[in-house]
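Labels run A, B, C and D following the written order; every chain starts at residue 1.
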Amino acid sequence: MLIGFCFGRVILETFRPSKFSFVRSTTRIFHHSSTMAKSKFEYVRLFETEDRCLPNAWIVVRVDGKGFHKFSTEHDYEKPNDLRALSLMNNAAMSVMEEFKDICLAYGQSDEYSFVFRKETQVYSRRSAKLSTNVCSLFTSAFVYYWSEHFPTSKPLYPPVFDGRTVLYPSNQNIRDYLSWRQADCHINNLYNTTFWALILKAGLTPVEAEQKLKGTLSGDKNEILFSQFSINYNKEPEMLRKGTTLVRRKVPIALPDGGTREKSQIVQLHTDIIGDEFWNENNHLLTIS
Amino acid sequence: MLIGFCFGRVILETFRPSKFSFVRSTTRIFHHSSTMAKSKFEYVRLFETEDRCLPNAWIVVRVDGKGFHKFSTEHDYEKPNDLRALSLMNNAAMSVMEEFKDICLAYGQSDEYSFVFRKETQVYSRRSAKLSTNVCSLFTSAFVYYWSEHFPTSKPLYPPVFDGRTVLYPSNQNIRDYLSWRQADCHINNLYNTTFWALILKAGLTPVEAEQKLKGTLSGDKNEILFSQFSINYNKEPEMLRKGTTLVRRKVPIALPDGGTREKSQIVQLHTDIIGDEFWNENNHLLTIS
Amino acid sequence: MLIGFCFGRVILETFRPSKFSFVRSTTRIFHHSSTMAKSKFEYVRLFETEDRCLPNAWIVVRVDGKGFHKFSTEHDYEKPNDLRALSLMNNAAMSVMEEFKDICLAYGQSDEYSFVFRKETQVYSRRSAKLSTNVCSLFTSAFVYYWSEHFPTSKPLYPPVFDGRTVLYPSNQNIRDYLSWRQADCHINNLYNTTFWALILKAGLTPVEAEQKLKGTLSGDKNEILFSQFSINYNKEPEMLRKGTTLVRRKVPIALPDGGTREKSQIVQLHTDIIGDEFWNENNHLLTIS
Amino acid sequence: MLIGFCFGRVILETFRPSKFSFVRSTTRIFHHSSTMAKSKFEYVRLFETEDRCLPNAWIVVRVDGKGFHKFSTEHDYEKPNDLRALSLMNNAAMSVMEEFKDICLAYGQSDEYSFVFRKETQVYSRRSAKLSTNVCSLFTSAFVYYWSEHFPTSKPLYPPVFDGRTVLYPSNQNIRDYLSWRQADCHINNLYNTTFWALILKAGLTPVEAEQKLKGTLSGDKNEILFSQFSINYNKEPEMLRKGTTLVRRKVPIALPDGGTREKSQIVQLHTDIIGDEFWNENNHLLTIS
């Protein structure tokens, strides 16, 4: 409601007996219908349901592009990866993470981004729909808002859409496995896409031929194709493409005018492995209660 | 996932025994870690919960501006109502309704919009979070996307956000009462705001003085203030402000090249009373199963 | 909690600063650990979730025998129907309906019973688990409690169990269809069982032979087998077996000492068709808001 | 459904076209109505909702006596504690734990019992209502069934009822805190009740006087009253009353005919502190994945 501060007043009016003796007739009708209406309709609020997340569980909100295969084609995304599109995704995710201080980590790849809230967060009283819709709306909003900074020469052809979902993970192992699942997905898809588009763009295959050639191949086979046919060492490909992007907060020193420094929390972008233990050992505050 | 068609292939790979005899060592390591990872992490999908809406109940998704009191001030919305802002809201709502054919009616006022899905809709298998996040994301996206058409001289200062919620209403009376609740809210707030801002802009009161003056007043009192002090007959104010905006689909005749006509479904904007029976009698298809 | 009225006191104690100067040491330890414990552990209450049923929807709680195929064999239930067992089921259902005044109708057949609460009921604030567990517990309790009145010569071999579930139905048609579904199930199973056991008990077939003979038969075929082989006109079989049992409340006249009468609400058992309109026309108060 | 194995057959019949040429008219009517009915009504199954518990979280089902303050008075439970009633509670809980092998611990006090399922349990696919109603029904059933073994001279006056609820606890600390909460509750209530009834039964106070005397007292005060007025050292009271009853499974050696032994899992009753670490250190298998 735009004018939230009206509300107490309004309720007061609703249940107050009508006691003024003179009003113009049109007013009277209006008044009666509206106040009676209010008190009579208010009950529909009871149909809204509670959806608080279980306490002491990790809350993940994942946003996912809707129809982005089509969207990426229509907007001439470069294949297999469009760095502008990925940096726009990261930009939108930064906006979300700046707004919600209780997001301790975000992980993005392709057209999706996962936001991990602190286990103890009380944001929106942990209401599931509030969390998913707010994150999803802000992400979408920022994606459109910052579009022109990443695609300076064109406007989106239509408003892009992301869906969102809230999922709970009880243990530290579960949340790590969730993130590993997304990063493994990034790896598998990116290896496939890199090979697929090399076959098309460099070897001149049609999409159907490329798909046929890759059918049933394992990771090793694709690495081999890339290396022998295209002299691409997949492991030398940019880490952002192979690993996705991880956002975390870091204390960074800020220079003060007097020559001293102070620490400030800042969001940093990493393109690193988050499946193994190393990342978690280096960022062990993430899995401990702050 | 951006490249959805990879998925079957990927799964196949995951569970296939490694049987190739020669790969470069780095590849081999990569391959093993990724496939093992995949099969090991996939289980986290089971943590996602079912949230299908009860069948045969009206589904309403309401989107609501987040912090729009502040947003409207920062963007110099005209007081008490900014027609550009309202037409942008309507534009965004039209985008949602064009996308979701199962939305049979939408009602908007101030910074909120309610979308009513057909009772029988099977969109997203009636999954609550899918519905709320998709509608909310598209609404937000369109709001930013079409901003410049309604505010041609400025850009938003930051990405605006709307939250969303899905609520069920079992009976026709319930869904009518829900909409009546929102329209009564529109009336009460608009009458208050109209009077409040007249006192400030035309009588020179401060916001605190205006609030003080209106404290405890009834609708009739506010009508009286408007009429006697400002010669405003509230009932002559634009209907869009007093009644909000209702979007419904109408069959309209389309002229054909051969001189004939055919019918086409089109979304129309109404600013009419939806509390009384008249609207529902004229649109009785809305409450009957199509 | 057995001594509910302690609770306010207990809370008081918990948060009250310790101010007594002398206690025996063991007591002191005890006191400290328990009060500190209390305030420290109380938070686990927050893990309980809200599960209120949607307002204005029919609430059905259905209880269903667990492993009753085995239970009926072990307790020598007569085949195809044991009237003692059915009357015990009805007895247990009557106990539930006497306790919960907001149950307006119950329907039972075989080892299951459905309890229909008034749409408007506020029992247990419409909390789903409260409703299902209370109904299920009372039904089970009464089933064991009244066992000996129906099976006077034996005790159950072990405690019988019923599971329970709460299901919502938004419209009058839905609730009627739900009950029709259960009664159609009663008919189909009873016709099958009547024929199946006639083949075994009267024609000397083995269960496997009887099953084989009935494989793929339609209702008409089973009626024909019953009539031609066993001279059984299925439609003359007792209505309780063919239709199940419906419990409703009826106003019945009570004779007063002074020769007058007064009306009293009483639960009556019917064995009638509840699929067609006749029952609902005669009991039209059931589907209207009281 | 009693005769579950009919079901496939029934479905088959339902959707099979009617093709027999001769049936007696009554049969034909019957047949048609039932098969059409079946296919037409079956849809109501879709109104049942999924309620699977979050994976990897502790599942607790707690049953709680309904109106047991009244029940205990009507059945002349001894005050402040009736050992027969408590042993009946334990007996009922043993029945539940014998049936559900995935319950690793149960804790009972007063008229309540909590059953803790292994974190990984897949019983009933972790469906919340299935778990709560089955546990609650079996507990109730066993309570009535074994009543006469604990109260040999009387029958319950009416069927006793227990409600049930399913609650999730994500971490080991949470489940320990849950159990600590219940045991702290046991302590506080039992100390109160012991003092309350000593004042009534031994000092001749009325309930109102006893309540008045205890108003605002702390644990230390009650210990003092018990000791100084009644020479009762509360800490020497039976542990079952002060600590409640904990059920766990233990491997116990079984003597074999050949003179050897083998291990067997058995449920044992403990009346020990489960708030401190000692119990959990001794039973550390409980909190680790088996």
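Just so we're on the same page, a residue touches a chain if its C-beta (ideal position, glycine included) is under 8 Å from a C-beta of that chain, and two chains touch if they have at least 3 such contacts.
Each chain and its UniProt protein: A, B, C, D = tRNA(His) guanylyltransferase.
Since this is a predicted model, take the numbers as computed values, not measurements.
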| item | value |
| --- | --- |
| Per Cα centroids, the chain farthest from subunit B | D |
| Between B-D and A-D, the pair with more C-beta contacts | A-D |
| Inter-centroid spacing, subunit B versus subunit A (mean Cα positions, whole Å) | 20 |
| Inter-centroid spacing, subunit D versus subunit A (mean Cα positions, whole Å) | 43 |
| Distance from subunit D to subunit B - Cα centre to Cα centre, in angstrom | 46 |
| Subunit B residues counted as touching two or more neighbouring chains | 43, 47, 49, 54-56, 168-169, 174 |
| Touching residues (chain side subunit C, partner subunit A) in the complex | 43, 46-47, 49-50, 52, 54-56 |
| Subunit D partner contacts - residues on subunit A that touch it in the complex | 54-57, 168-171, 174 |
| Contact footprint of subunit A on subunit B as seen in their complex | 1-6, 9-10, 12-13, 16, 18, 20, 23-24, 26-28, 30-31, 33-35, 37-38, 40-45, 47-49, 63-66, 68-69, 72, 95, 110-112, 128-130, 132-134, 136-146, 156, 158-169, 174, 177-178, 180-181, 184-185, 187-189, 191-193, 214-221, 223-224, 227, 234-235, 275 |
